[in-house]
Each structure stands twice: as structure tokens, then as C-alpha cells.
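Letters A, B, C and D mark the chains as written, and numbering starts fresh at 1 in each.
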Amino acid sequence: MCHNLGYTNFGHLLEINMDSLNIKDISLQQANTVLEKAKAKAIELNLKMNIAVVDAGGNLKAFARMDGAWLGSIDIAIRKARTARFFDMPTGEVGKLSQPGASLYNIEHSNGGLITFPGGLPIKDAEGNVFGAIGVSGDIVENDNLVATAGVKAILN
Amino acid sequence: MCHNLGYTNFGHLLEINMDSLNIKDISLQQANTVLEKAKAKAIELNLKMNIAVVDAGGNLKAFARMDGAWLGSIDIAIRKARTARFFDMPTGEVGKLSQPGASLYNIEHSNGGLITFPGGLPIKDAEGNVFGAIGVSGDIVENDNLVATAGVKAILN
Amino acid sequence: MCHNLGYTNFGHLLEINMDSLNIKDISLQQANTVLEKAKAKAIELNLKMNIAVVDAGGNLKAFARMDGAWLGSIDIAIRKARTARFFDMPTGEVGKLSQPGASLYNIEHSNGGLITFPGGLPIKDAEGNVFGAIGVSGDIVENDNLVATAGVKAILN
Amino acid sequence: MCHNLGYTNFGHLLEINMDSLNIKDISLQQANTVLEKAKAKAIELNLKMNIAVVDAGGNLKAFARMDGAWLGSIDIAIRKARTARFFDMPTGEVGKLSQPGASLYNIEHSNGGLITFPGGLPIKDAEGNVFGAIGVSGDIVENDNLVATAGVKAILN
């Protein structure tokens, strides 16, 4: 019988569960394959993209900037990937909620600066567990999102 | 007769009051109890939350991230608690005033980054004196606020 | 037959290993127990400490500031915990290497600011896998380290 | 007769050369090859490394973190690469000059934080023109430098 009760310790009443959590994390091989699939999509669409992959902890795992891609999108691609992992949802979904009058207005001020428009997507396993994220930046957000989607499919397909 | 007049010195007209202020501050025991009550509410609602408590000075006193809670909400929970103490009001009240055209538009740029949507609440004594604050982040803001409210009640009830 | 070869794909020559990594992460129950053990040691030694625990990804998991503990040590405790996880070693070991003339001189400028004197320790399982870290700050570094050591023992003992 | 004199204009004395500069820049293909050669060296030495490549402008071009590599070395690898390009010399050479009493004491405070111990190397063409840099972090600086050297050789050999 195991209950997670934090500081409260009822002694004889409950056993404390001291097990570690077991989680998945993205491997470099997976991250590089995500990068490659995203890059292939960008080439197919004739786009120049910055592509970042972060791990389960939100830390940078792999990055590539295609020749001629916007310099300002290096940081945006990385922030999109982090934002998608930070909230386990597409960055565009966060952006819908961060508009004036919406429930998460100005959430971008947190975490040293979020990017909340489309182009960041969580990377999930078949059971829906998030264990990384991709962020793409370099063109209109619809294209950023197309390229990110192609990257994510490297894992799930 | 005591007046706090700061630098202004009217000489013979007024006595200068050199007494210190006596303020309340939240104890770690109180802060942990606030955390526990908030966490219990989150478990009851089947939510995974980041919960932060700051003291009378706006400085972090206690923090807990429930297993599986959003990574991006660590920073948001702490900023909500600070924002609530910075202005001695619920973060959602600040957020109403920070909208485009409203009186505190983009106040989020101050203090290294505020979070002004619901989920941060001042912690008060029975006389209404604020001596700390709680910030909760991990779900829709209505749920964040419910969990924060449960935490605050640990002190007042 | 599995090889991690990153971008290089020899097609028919090698299979690509697309498995995720399986890692441990610290639970909130574990983190709170580490906090409690560290706090008990601080009380035994009549010290007032800030105590932080980060997870496998270096993200804050739990924090407590004892009543009267230095305000400036909030940030130091958190940075010590992160530094210990960032390099999977005691912060004091990093500090020996970051001295003038030593091999990691001024490493403190990385990662938004490291703290490299004693008081931060990795949290390991019985096999030596690091899956979190503790950082303690509030007194002389020898005492910070004693309290951190007591916290770590909550997991390994 | 061509002289680049910037703001100074001697009127009739000199012709103004309005030609653009023609510079080399590292391609993504080159950067990825540098990454792969560095990674192969790390695998040969049984090391887990963070490897970053920046372009002629000092901007991130490609990055890879090997599985299990130190989290704190993500930022250090990128800063080493930038530092090597910022001054077109090995980071360890900058570090010799940044010691207490030396001519560039505490230069690490510039540029948002430099890393000046070994592991960062400029990437040059056969004529010695610098058009990128590599930064490696994950082990003792001698090994970081060995891996960075292997990466640089991908271009020159």
C-alpha cells in the first residue's frame, strides 16, 4: 500500500513509497532522425529552417541550421522546442491562450522567455508519453509547423 | 504621538519615531502546511501541480513539484506567488489591469517578469495583513486558482 | 546489431537503433524525504539552511528555507543543486578545478551562473546512476556540505 | 587602388571602395561532418560529449549531445565554440591571458559569458581563414580538446 503524502508522515498508518520514477528520454539517434526527417521536409518545401530537439528535461539534445536560414530563428527554434516540452503541447496551443484577454496572457514572460506561436511540438511515444520536443523556425508559422510535424513523425511512424 | 515621516524632519514640530516595524512573516511550518493542503486538493482533483510559497519579503520559502507536473510551471508558480505578494492581491486581479488599454498594460515587464493570470494568492492573517503568498501552476487557470485557494485556507481556517 | 552513428546512415550495412533511453527520475516523495533528512541534520547542528532538490533534468523539484535562513542563500542552494546535477559531482569538486590556473577556471560563467563551492551533491542510486541533486546553503561551506550529505543519505541508506 | 577606411573620408585623396566583403562560411554539411568526426573520436575514447559548431558569425550551426553527457556541458560547449570564433584562437589560449594578473583578466564577463579553458577551436581553411568554430565539453579539458581537434580535422584533412 503506497501513498505519496509529501511531508506528512503518519508513521504506522502508511508506508512511504521511496521508489524512483522511471521515465523515457530521447536518444541522440532518435533526435538526429527527427532532425533529418524535418530537414528533408524543409528541402521538399524549398525552405531554410532552424531545427532544435530537446530532451525529456527540456535540455538541448540536437540542433541544425540549414544554410541561409534566419539567424534570429536559432533562438526561436530552441525556445519553441523548450516551450512544447514545458507544457507538453504544441506551442500554437499555448499561443491561443496567451492572447490579450485569454487565460494565459503574457505567459511568454516566464521561463526566461517562451515562444508561443506554431512550430514547436512535443515528441511522444505510442502511449502518449512526452519524452522530448522539436522546435522549428525559419518561415511562416504554418510552414514551421509542417516541418516540425514531419520531424515528430520520425518517432511515431 | 508617532509619525513616520522618513527623511522629512520638521525639527521642534514633531518627534521622530525611531521604532522598527513589527511585521508578520510566514514560518516554514506554515508554508509546508499550505503546500500540503494545496497538494491534497490537487490530488483530489486529479491534477499535477507546481506549488510555491513566498514569504513577506517575496522570497521563496517552500516549493514542491508533483510527479509529472509541467516543467514550464516551476517558474510560473514561483512568479505567481511573487506577483501576488508584490501587489498584495490575486494575480488574476493584476491581469485584469494589464490588458491592452488597461491601466497597468504590460506590467509583466517589471520585476524580471511577472505572471498575472490566476493561480497566485496572498496569504493573510485574520486581520487581512499579507505575510506571504502562494502560486500554483500546472493546469487551466481555474484549477490553478482552486488549488491555490485550498492552500491559503490552511492559514485562515 | 545496433550502433549509434548519428547522421551517418550506411543503409544496408547497419540497423539504426531507435529505442528511447530509459532513465530514473527522483519522485516528490524522495525529494521531500531528502529535504526532511537534511533539515533534521541542520536542526541537530543548530543551523538555518536553504535546501533545494532538483530532478534528473536539473529542474527544481522541492525547496525549503528554514526560518531565519539567509535570503541570499535561496539562489545559491538552487544553483548548487543544479551544478551538482549538471556535472554529476559534488560542487566542491568543480570548485577545485575552477580556481585561477586550474583547468576549469571561471566555469561559473556558464549556465546562467554556477556555484562551485561545497554544499551541492548528486543524488545516486545503489548502482551510481545520478537522478537528482541536493543543494544546501546557509552557513560555512563545511556545514552546508554536512547537511547536504545527510540529505543524500535519505536515498542510499 | 583599394583601401577600407570606414568613416574616414579623405575626399579627393582616395577612392572609396564600395565592394562588399567576400567571406567563407561553414555549411551545414561541413558542420555535421565536424560533429560526426568529433563524435567518432569521443566514442573511440569512450567519452560522452556535448559538441557545438558555430558559423563565421559566431552563431550556432549544429549541436549534438551524446547520450548520458553532462547537462551542464550543453552551454559550455556552445560558449567554447563562440569564444573560439570571437577571438579566432583556441579557447585555452584565451584562458592563459584571462588569469589573475594577466592581460585579459576576467574577460569571461564579456559577451554574456565566455568559456576560456580548452575545448574550443577555430575552424580554418588551408589558408588559415577562420570561418567557424567547434566547442566540446563533457570530460577533462585535455579530452575535450582531443575531441575538438578530431572535429576540426574533418575540414582541413
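Heads up, the rule we're going with is that a contact is a pair of C-beta atoms (placed from the backbone, for glycine too) under 8 Å apart; a residue touches a chain by one contact, two chains touch by 3 or more.
Note that this is a predicted model, so its numbers are computed, not measured.
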{"item": "Far-end chain from chain B, centres as C-alpha averages", "value": "D"}
{"item": "Angle of rotation relating chain A to chain B [CA atoms, steps of 5 degrees]", "value": "90"}
{"item": "Mean-CA-position distance for chain C and chain B (Å)", "value": "28"}
{"item": "Cα-centroid distance, chain A relative to chain C, in whole angstrom", "value": "24"}
{"item": "Residues within chain B bordering two or more other chains", "value": "32, 64, 67, 71"}
{"item": "Chain-level touch network, classified as line, ring, star, complete or other", "value": "other"}
{"item": "Interchain contacts (touch definition) - all pairs", "value": "A-B, A-C, A-D, B-C, C-D"}
{"item": "In the complex, chain A residues that touch chain B", "value": "4, 6-8, 21, 57-58, 82-83, 85-88, 100-101, 103-107, 109-112, 114"}
{"item": "Complex interface listing, chain A residues touching chain D", "value": "27-28, 31-32, 55, 57, 59-67, 71, 74"}
{"item": "Residues of chain D defined as touching chain C within the complex", "value": "32, 35-36, 39, 43, 64, 67, 70-73, 75-76, 79, 95, 98-100, 106, 108-109, 113-118, 140-141"}
{"item": "Residue ranges of chain A in contact with chain C within the complex", "value": "4-7, 16-30, 32-33, 36, 55-59, 125, 131, 155"}
